[in-house]
Each structure stands twice: as structure tokens, then as C-alpha cells.
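Got a structure for you, questions after.
All chains are identified by letter, namely A, B, C and D, in their written order; residue positions are counted from 1 within each chain.
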Amino acid sequence: RCLRAGVLMAKSKFEYVRSFEADDTCLPHCWVVVRLDGRNFHRFAEKHNFAKPNDSRALHLMTKCAQTVMEELEDVAIAYGQSDEYSFVFKPKSNWFKRRASKFMTHVASQFASSYVFYWRDYFEDQPLLYPPGFDGRVVLYPSNQTLKDYLSWRQADCHINNLYNTVYWTLIQRSGLTPTQAQERLKGTLAADKNEILFSQFSINYNNEPLMYRKGTVLIWQKVDEVTTKEVKLPAEMEGRTMAVTRTSMKPVPLHCDIIGDAFWKEHPEILEGNS
Amino acid sequence: RCLRAGVLMAKSKFEYVRSFEADDTCLPHCWVVVRLDGRNFHRFAEKHNFAKPNDSRALHLMTKCAQTVMEELEDVAIAYGQSDEYSFVFKPKSNWFKRRASKFMTHVASQFASSYVFYWRDYFEDQPLLYPPGFDGRVVLYPSNQTLKDYLSWRQADCHINNLYNTVYWTLIQRSGLTPTQAQERLKGTLAADKNEILFSQFSINYNNEPLMYRKGTVLIWQKVDEVTTKEVKLPAEMEGRTMAVTRTSMKPVPLHCDIIGDAFWKEHPEILEGNS
Amino acid sequence: RCLRAGVLMAKSKFEYVRSFEADDTCLPHCWVVVRLDGRNFHRFAEKHNFAKPNDSRALHLMTKCAQTVMEELEDVAIAYGQSDEYSFVFKPKSNWFKRRASKFMTHVASQFASSYVFYWRDYFEDQPLLYPPGFDGRVVLYPSNQTLKDYLSWRQADCHINNLYNTVYWTLIQRSGLTPTQAQERLKGTLAADKNEILFSQFSINYNNEPLMYRKGTVLIWQKVDEVTTKEVKLPAEMEGRTMAVTRTSMKPVPLHCDIIGDAFWKEHPEILEGNS
Amino acid sequence: RCLRAGVLMAKSKFEYVRSFEADDTCLPHCWVVVRLDGRNFHRFAEKHNFAKPNDSRALHLMTKCAQTVMEELEDVAIAYGQSDEYSFVFKPKSNWFKRRASKFMTHVASQFASSYVFYWRDYFEDQPLLYPPGFDGRVVLYPSNQTLKDYLSWRQADCHINNLYNTVYWTLIQRSGLTPTQAQERLKGTLAADKNEILFSQFSINYNNEPLMYRKGTVLIWQKVDEVTTKEVKLPAEMEGRTMAVTRTSMKPVPLHCDIIGDAFWKEHPEILEGNS
């Protein structure tokens, strides 16, 4: 029992180790971007039979996870995702967890990852999840609206370049029977215009008609949504209850598949950057 | 189509935003500790009917997740967990992802979180998981073996203090029918010795006989484990195959529930700190 | 001789220690402020018989050092000084020494300190310098023009508050014969209006007529200055040379003692913040 | 007067800018090294007619400045200098200015720089100082005695390599009349042994007999030094005072020019690393 009395003293004796924690507060008034990337998702996609070049189930699952992150965490103003990555943008004035970078990124990473497994079956009905996936994350600060917009434009331009490449690459393999090496060889040195030409002349595919979600990725912004729920109501004159439709309006993270490089999007949704210029 | 040709240029025009990423390399030759904590696990425990003061299913699930982290990630030398937290200790010489702090913590957080959902049903058979849980993480550096041991001792002393408190608190509620407020009041100002006395005199509980996992938490270290697998073998003379037991030895993260504050543990397992003093 | 051959190997064997240097790049597109403070200048002022509450020799020397810093270093857009402190503001687009914080602050600190000793005699003719003074410095980032202006306003408001206090404090001592403790006691709890009142009613001093340099501090901005130098010229027809006055225009850091809290200053000198909004 | 009342409010309105200061605490229990380098000292040496390859006045002045830094600042355990650089090693347990990196480096940089000008005339009697020099500095952490010793060995090996090169280079120029380009050409690709050979066979110089200060640089460590001062004493029986020699022992930073790569130095001075292994 004596031993036990010493534990508290022991604890305080060891507590000096807390002073080794470094402060990682994000600079105030900057946009805080957390970008997540799937770990080793090339292998993950193969093992789980993802459709190529795009698996819409996987993309919708990613977006569901991102919506969960936006709803469960605080102060996310906008999110953008494509392929196996998602970026979450926290407001410049956010003081969530005192703006500690480690809090931002681990909360995003863990919430996204647990949601991925939790919601898997809603999107991959016939494909069991074989193992729990990993994601890596990072925090980047952007000090102005312009640099933030340029960051998001960078990701969307990346989406376009990759998707155009992948669309031609997999069409050559799936419809012309090329091997991966042959397809790669065929595309070496081609410009965007050349890739469009291959799709159009060889496969009658107009790249512009490909689904917007594939070409533009997914933007999540907060919008008013009407939720219709049913509620049991008992009116005084009646013996039995009656169910009534009740409409409640609330803010929800809504997916869009539009261009965010040009000005139109930002003019249409001024509230995203509002008060931060 | 002209537009498209501009995308690559656009991308390179935006690429300057990469320069906003800060370098967060961990100081070489230091132990890198990533500690995870469950987010809002008080509520989570209630919603999922965790036994009080300890739910062994939950503790075993935490340890399963920690083992997955050790197996899927690189260079974890030892891990220690208790309650809803787990600490992972990366080797001082690790150069995994160039020692970037963000990589260490987001990989740990996401792998742990996805495993928590993935393995939930193996431990909580009758209790469905109601929502995907979150975890937060941080990175702390320890420059010497002594400071690392003191860190782990700090966490184990914390485990002891909390568990002793919780054990008396919940026994007072469950067996004496006190309300939470009354139990809290009863324990105010008591020392460890007093708490042991309450348990012993009022409930005939010798705290020393409580399960080690509750009192000491869980240490995970790498140990040689014999895996027996069956293999189908076809000998030339035989028409039918025969199954044979094949024993393979491999390193696995093995759970222990022992004291790590004293020297005995470190003398018994010198390989953990080896080459780093 | 053998030993020597080994030195190069020895050096490369030791060179791993370079990897312990951390990257301290300042976030791009942010204003980089380096603020210097005199170390232990209370004692320094006493030992060197500084006039109280303001020693104009000391203030002019500080400004001379700040001008040297602006001329010798790169990319300082504006500087502000008062009492024993000076702030240097580097441009958001500056890439001087790759924006390493340690380079910014040590160059400023060392250049300022060496200049302080070097130019001492030009300002303190009869007062020898007794020992070499020290300064401490820090780097702070401001992500927008507004936050930068607020930083400078903060320093100027600080100048005002301290100078008003010191003016009354030393007048009470010097002209009413109060002891330091009595003067302190007299000022306890007084507001700005009360202090003005003491000065006016007791000493017929209108604080507004005190020198601007004391009340506002010193702003250094780049301005075109005509430098007249003499040059020896030999015309073909003449036997002897003639000295001619030559006027050359160049940019110099020019001291102003004006309000920088209001908008007027920034409207009058839009080039300071230009291109950074 | 109304305006004035608002200043305090104004100040508190601006004070939020303090939150933009980042914490830069050095990891506890690590050696903190501040290394200074002369800024543009190639030009400085030429303008001030430094002897080549080594100017002993300049080296002694550097060491005088380093001694001043050790005496004026806290917790420097050892310093090492060569050419236009000096490294200062703060103790792992130092809590000077809460271990803030910016404080360590700016105090060192400014104290060194002001001392350089202050003591210039004591070393360069006939050579006036033409302009105030600058220095840059950085902070590097070393988590163990071994890494610290390797850091110092790295600097001393660097001293050796540079000094051997410079000795041959300048001897070729000064005694054989080679141009700088010819001397450079002659030394291209030579090993240490070759350079020794040139010195010995061509100029009868045994490099081992060159002054230790040039070959090894300067180590500053704290040692007990007897200071003899004279004191006026009045004995009761005497009418006149008598001056007496009084010996006082105190710790001073003492320069050594010895090898610090091998073990001998560290065995002879165990107190330097004591208590930090």
C-alpha cells in the first residue's frame, strides 16, 4: 500500500516530460488547409476491384467521408476532392483547438478513415472491405484569398490532367487491347490536344461529355437544405395520432462538380471567402 | 480544345502554392512518440454501453488496432496503451517518410481509426457501432532513453491513478448505490491509501488483485512468435494431397501487462532501447 | 601524413550533423517583422547618463543604426522605432536568404549592434561608450496589410502610452523634487487625461507641444534624396581642374515622426504596401 | 485630450497582433548550438588588409568577442572558433529565456557584433575600422553528447582542411609568385598528402609546425583563473595606506588550441559534458 502512495509523487516526478511537447499553433488569419491522400491506394484499388479509370462508388464514398468530416469537425469552409485525395479548408478566424496543426490534421485523418470503413458497405454492396485503409495528411497555410484559390485551382488542374491521361490510357487498354506498357508508350510526349484527338478520332469519345465528377472533382460547400422528416402528432380532438411531414432547413455540405478555377464560382458563392480578404 | 492545352500551363502557374508547405522534419536521433486519444470517448462509451470502470472488449479492440498500426507502419519500437489512449514510439534512427512529423501522426491516426471500425465486430459482437469515432494525435520528441522511459512511466502512473480512482468511484455507485455526485464527494481529497482502504474495508476488494490489464495498461513489444499454418503437400508417390502443419517463426507485436516504471522490464528487454543510449 | 589523409574522411564522417539543422523558412506572401530590443537598457541608460525621459542623442543613434540596417540588408520596406526598440518590416515577396527566419533576425541584430558601437561617437561626443551593448530580436509574420498596419499601430500606441507616463513621471521628479516612489504613487491609477492635466496645471506643459520624435517615435521609409557631391572636372581649354557640384538622386531611408495609426500616412505613401493587398 | 483617452483602448485593440508570435522553444535536454559566420568577410578582410592566409589579430579579436559572449550570456558550456566563424554551445539543462531559439541566436549575434567593433582597436592598432561588420547565426540542436562532439569535430576537421588548403595556396602566391588562378589550378585534385608534400619539398615548410591556433582553431572552456589585483589597505597602526596584492580566483573562458576530435580532450575535461550523457 505504501507503494501506492508513491505513485502520485512518481507521476509528478515524470510530468516534466510534458515540456517536450512543441507548440504548433497555426499562424492566425491564414487559411488552414489539411490535405489527405490515400496510402498505397494503387494496391487498394486493385484488391477491391475498382473500376478504371474512375470508380464512382469509391468517389462517392470519399465524398461521404468528407461530408462527415465537415459535419463532425468545426470551421471547415470548403472541401475539394478528386481521386484518392481530399482537401479541407478551415476558416482563417477558426480557433478550433487553439489552431494546433496536429489537432487539425489528426482529427481530419482519423475521422475520414473511420468513416471510410463505416460507410464502405453503403457504396460497395458486393465488394467486401478486405483490410482497413490508411491515409496521410499535411497542413498548409495560405495567407490570402488569392493564394487559397490558387491552391484549389492547382488541385483541380491536377484532377483534369490526371483524368484526361487516365481516360485515354484505360480506353486504349480496355477498347484497343493495348498492354499497360503499350498504352504508356502511346501517350508519351502527347499534349492535352493530342489526347483529346485520340479519344475522338479513335473511340468517338468527346472528352467534354465525360461525367463532370470525373473531370472536375468534387467541391463541398455549406448550403441550406430542406430536410423532410415525419413526426407523430396528436391533435386534441383525435383519438389516434397522425404522422405529419415536417420540413426543417439546415446547413449541409453539398457536393458540386463545377469549375473552381475561374471567377464565376467565387462570385456565385461570395460567403465562402467573405470577411477574409 | 484550346482551353485544354492551357491546363498544364495553368497547373504550373498555380504550382507555386507548394512552396507554402512547411518542413516539419523531426530532429534526428530522437525518439518520436505519437500519442492518440479518443475524441469525446466519454460520450462514445455511454452510447455503446461500455462496462464501467473498464470494458475489456474496448481495451482489447484498442490493442488490436495498435497491433495493426505496428504491423502496417515502419519502425515502431514499442507501444503503450490505457483507457482510450495509445502511444507509439518510433526508433531514433527511423527515416520513415524522412521523419516528417505530419506523416508520423496522420498515418498512425488514420490507420488506428480505420482499424477501430474494421475490427469492432470481432470484439463487440452484440453491440453495433453507431457512428465512426475520431481520435486526435500529437508528436513529441524525446532525446534520450531516460526521457523516453520517463514518458512511458508518466503514462503508466497516469493509468494507475485513474484506474484506482475509477475503480472506487464505480464500486461506490454500483455496489453502494451512491449517485455520481455522492461518489465524487466521497472521494474528494482522498489519497491512494484511503482509496485502497475503502475498497478493502467496505467491499473486501484487494485492489492488487484487480486484473493487470486494468492496473498496468498494455505494452506492445516485438517478439518471436511461432505461427502454425497448414499446407497442402503432394508427395510423388501419393495420389492424394496431404495437409501438413508448418511452423513459421515471425516477429509480432505482443501485448504485456507489466510494470514499465521499474528497471526490471528494460533489463529483460534490452533490445528495445539497444543502440540508442 | 597518414593522419592528414584521414581528415577528409573524418569530415565526411561527421557531416551527418548538418542534418540536425531545422528548416525555418518564413511562410511566403507574409510580411516578416524583425523587432529588436535593447538588452538591459535601463542599466545601460544610467551608466551612460542618458537624459530623462528622452535622450535625443540615443534616439538619433538608434535611427542611424536602423538606416544602416536598411541600407546593408535587402528588402526592408519600412522600419519603426521608439525608446530602445526598432522593428524592421521585410516585403512579403522577399526571398532574401530563402526567407530563413534565423537569417533575417541575426543579420538585423548583428548589423544593428555593430553600428551602435561604430556610430556611438558621432552622437555621444563627450560620453565614452563603456561596454558593448546587446540586443534581442524576434521574427513575427503578418499575413495581410491590415495585420501589419495593426502591428505598427500597436508599437506607436505603446510609444505614446509610455512617453506620456515617462514625461509626467520625470517632470514630477525633476521639477517637483518627488522621489521615484512618490512619483510612481502619484501616477497610480491615473488615466491619460489625468496625466495631461498634471502636466498642464502643475507645470504649464502642453503635452501636444512635446517634440514629435518623443511622442510618435520614428518611421523610416525609402524616399528619393538629392545628394550633392563635388567632382573634379578638367575642361579641355583649361589648365587647371575645376570642382563642380554634381547632383545624384538615390533612394534613402528617411526618418519621419508622424502618426501611422490613421489612414492618412498610408494614403500618402501607397508604395509601401503596394502590390501586397 | 479626448483623443488621448482613446489610445489605451487603441492599444488593446491592436494587441491581438501579439498572438502572431510563434513559439520557438528549443527541445529540452538537447545541446543548443549557435553558430555565427561573418557576413561577406572575404571583402571585409581585403578592405582591412588582413594577413593571408591567417591574420592573428583578427583571430584574437574573434576570440575576445567570443569570451565576451560567454561572460555576458548565460549557460555557454564551450565555444569553438576558426576563421570568421564561432560556435557557442548552451547546456542541455539551460532554461535561459525559456530556451527560445530567437533569444539564443540574437543575443549571441548582437553581443558578438558590438564587441567586434568595441574591441577592434585593441587588436588592430594601425588599421582603422572602415564600416560596421555583420554576422549571421543559426541554432542547431544536438540530442546527445556524441552528436555534440561530432558537431565540434566537424568544425575542427573543416578548419584543418581549409587551413591546409589556404596555407599552400597563399605560399604559392606569396613565395612562388603564382597568380590566384595558377595557385588554384596547381591545387586542383590534390589530396592532403600532396599539399603537405608541396609545402615540404618546395618551401621546406613542415605543416605540423605551423601555429596550433591556425591548424586547430580555438576552443574556449571555463577554467579557474587567479586574478591578482591591488587593493589599498590601511592597518590600524599606520598613518598611510599600503597597497597589497590580492589574489581572487574566478571562472573565465580560457582559449586552448588543441585537438577536440579525439577522446583525450574530453577525458581531460569531463566537466564539460558532465551530467548530460
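Methods note: contacts are C-beta pairs under 8 Å (C-beta built on N, C-alpha and C of every residue); 3 or more make two chains touch, one makes a residue touch a chain.
What you are looking at is a predicted structure, and each value in this text was computed from that prediction instead of being measured.
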Centroid comparison with chain C (C-alpha atoms), farthest chain: B
Higher-contact pair (C-beta pairs counted), C-D versus B-C: C-D
Averaged-CA centre spacing for the pair chain D and chain C, given as whole angstrom: 27
Cα-centroid distance, chain B relative to chain C, in whole angstrom: 52
Touching two or more other chains - residues of chain A: 16, 20, 22, 27-29, 141, 147
In the complex with chain C, residue positions of chain A that touch it: 27-30, 141, 143-144, 147
Parts of chain D lying in touch with chain A, wherever the complex brings them together: 16, 19-20, 22-23, 25, 27-29
Complex contact set, residues of chain C against chain D: 1, 4-5, 7-8, 10-11, 14-18, 20-22, 36, 39, 68, 72, 97, 100-103, 105-107, 109-119, 129, 131-142, 147, 150-151, 153-154, 157-158, 160-161, 164, 191-193, 196, 207, 261
